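One chain, chain A, appears in both complexes that follow, with chain B as partner in the first and chain C in the second.
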Partner chain A sequence: MLATRALHLIGKRALSTSVCLRGGHGVAKVEDYTLPAYFDRRENPLPDIKYVQDLSAEQKSLKEKEKGSWAALSNEEKIALYRISFKESFAEMNQGTGEWKSVVAGMLFFIGFTGLVVAWQRKYVYGDVPHTFDPEYKQKELQRMLDMRINPIEGFTAKWDYENNTWKK
Partner chain B sequence: MAHPSQLGFQDAASPVMEELLHFHDHALMIVFLISTLVLYIIVAMVTAKVTNKYIIDSQEIEIVWTVLPAVILTLIALPSLRILYLMDEINDPHLTVKAMGHQWYWSYEYTDYENLGFDSYMIPTQDLSPGQFRLLETDHRMVVPMESPIRVLVSAEDVLHSWAVPALGVKMDGVPGRLNQTAFIASRPGVFYGQCSEICGANHSFMPIVVEAVPLEHFENWSSLMLEDA
Partner chain C sequence: MSLPKPVMRGLLAKRLRFHLPIAFTLSLIVAAAFKFTVTEPRKQAYADFYKQYDAMKEFNAMREAGIFESVRPSGE
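What follows is the complex of A and B.
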């Protein structure tokens, strides 16, 4: 209040933190250096101010009716009163945005694009692999690894059945 | 050597490597447990429908999540230090081999009894016999008697190299002008491959190490033959 009085030249709107300056019910006390703001938050159910600040004539009359018995209000009127105070219901504010679909789509697109780049590289950039990758050579390598008993305890040749010349079941 | 697409360690060929395998299992299990717990907590936090805005502090949980990690770290540190000191035990080697790193080959010197020395070059890909392993085979192997403590003195003649054989659990940097000592016991006969493990120039990837562990008689025959050839 002091600050308001001191800076009344600038205008009282800049420093309204008290109820009487905003006018009407529905303004909560806020921290210093903030203006009351409206928000929809699940964990903070009651915002600083009502959503609709300037009521139409119809809404004003509804507000008058609210001062009477609430049993007299119809369902549409109750909903209308809710919508004056709040922008979204809990169901509306909690619903998902479906943003995940665009994220997954973008992700798959770039992975696919990368696949195309890799395929193109393999065809047009890289030379042949060494001759040691030929199937016959690989077969000889395998036989040599078995003959040398590579990793015979739990590893490679541990899984080979030497009696029956086949992999263990 | 590793088989294609192998992710884990090779089978141990020395007692120290066996210890390291078991320690790795132990430490990795702890890592998996902690990661699972953290992942679960993250998912629970993110999918929770309610928010607690009024937590200030809590002495009990702070004590728990300080003491428990300290205990877990101790459970990791004790086996680790045990293996560290195990590796430094007096081992009274039966044989000493000097492994000298050059650009780009290893040379081995067996000077306990006679003066045996030879170079060990990688076999180029185009010169491989069918079935030999690309980038791993060498023209001469470092043959050692099995089940004997072997001391390896590693050094280098030009730049930094590193003598490493994963199956034996051995890696020792070769520093020019410096002698680094390591030791191993080959618990089973076999051929064990390794590769230079310190960047040393253009052919750093093409100077492998091959250790062949054989019964003592075979080792004696081999060293006699090598001395004749020299």
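What follows is the complex of A and C.
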């Protein structure tokens, strides 16, 4: 106990001498982001610091009253004390924002725009389709499939009537 | 504010006891439904097709249509 007290004095002196040696530039400036901060987070329910740091006179007197019996506090005072310590209640911080509507609207807009781009591309960029897409060629393909008896049990030619040369009713 | 202590154990077992019988019955129903709406009619369709199937007749019809390379139509 005495030793720590003595060391404390030495340390103070050492600090002041080192600052003087460095011409007064020794102590680093404390940045804001290094200090404990207040966050409204569902997964971290008790933040490191209270929300209101500088209490008004009214709030200071309320804090004094809080040191007594809590049953003596009215409901408004309890709420005021809560609001000193916290910014938003859990219900307030968890409520939805409706941002999803903007997201869906943006998605649909860009999908529609992409549709226009694709249509323009089809008209102005791509060349002709191969000759195998001509109706006459397609008809010859169909006839060949019927001749080959493609899927005659449950599939393609099962639906063709070979006696009357037409599709089955 | 004295709330009752919530249930801490056996949560998975409770959920399984509820959901597993339902899962098994639904799976069995789906399997049975598939069997009787898909596989049985398909087996019947194949059986009916081959009951009246004349392979040579079909072959000659295909040959006349000219799709084979090993046998040309009888006219050529």
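Please note the rule applied: the second predicted complex is superposed on the first by the 92 of 169 C-alpha atoms of A that agree within 3 Å, B and C clash if a C-alpha of one lies under 4 Å from a C-alpha of the other, contacts with A are read in each partner's own complex, and residues count from 1 in each chain.
In this section, a contact is a pair of C-beta atoms (placed from the backbone, for glycine too) under 8 Å apart; a residue touches a chain by one contact, two chains touch by 3 or more.
Keep in mind it's a predicted model, so treat the numbers as computed, not measured.
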A:K78 contacts which: chain B (first), chain C (second), both, neither? neither
Ask   = Between chain B (first) and chain C (second), which does A:K60 come into contact with in this model arrangement: first, second, both, or neither?
value = neither
Q) In the superposed arrangement, does A:T132 touch chain B (first), chain C (second), both or neither? A) first
Applying the document's definition of touch, where does A:I153 land relative to chain B and chain C: first, second, both, or neither? both
Of the two partners chain B and chain C, more of chain A gets touched by chain B
**Prompt:** Can A:K101 be said to touch chain B (first), chain C (second), both, or neither?
**Reply:** neither
Checklist line | Which superposed partner A:R42 touches (first chain B, second chain C, both, neither) | finding: first
Worksheet entry | Partner chain(s) touched by A:E141 [first = chain B, second = chain C, both, neither] | first
Dual-contact residues of chain A (chain B, chain C) 144, 148-149, 152-154
Touching chain A in the complex, chain B uses residues 1, 3, 6, 10-12, 50-51, 53, 125, 128, 130-134, 188, 190-191
Interface with chain C, chain A side, in the complex: residues 144, 147-149, 152-154, 162
In their shared complex, chain A is touched by residues of chain C numbered 42, 45-46, 49, 58, 61-62, 65-67
Counting only contacts in the complex, chain A reaches chain B at residues 42-44, 130-132, 136-137, 140-141, 143-145, 148-156, 158
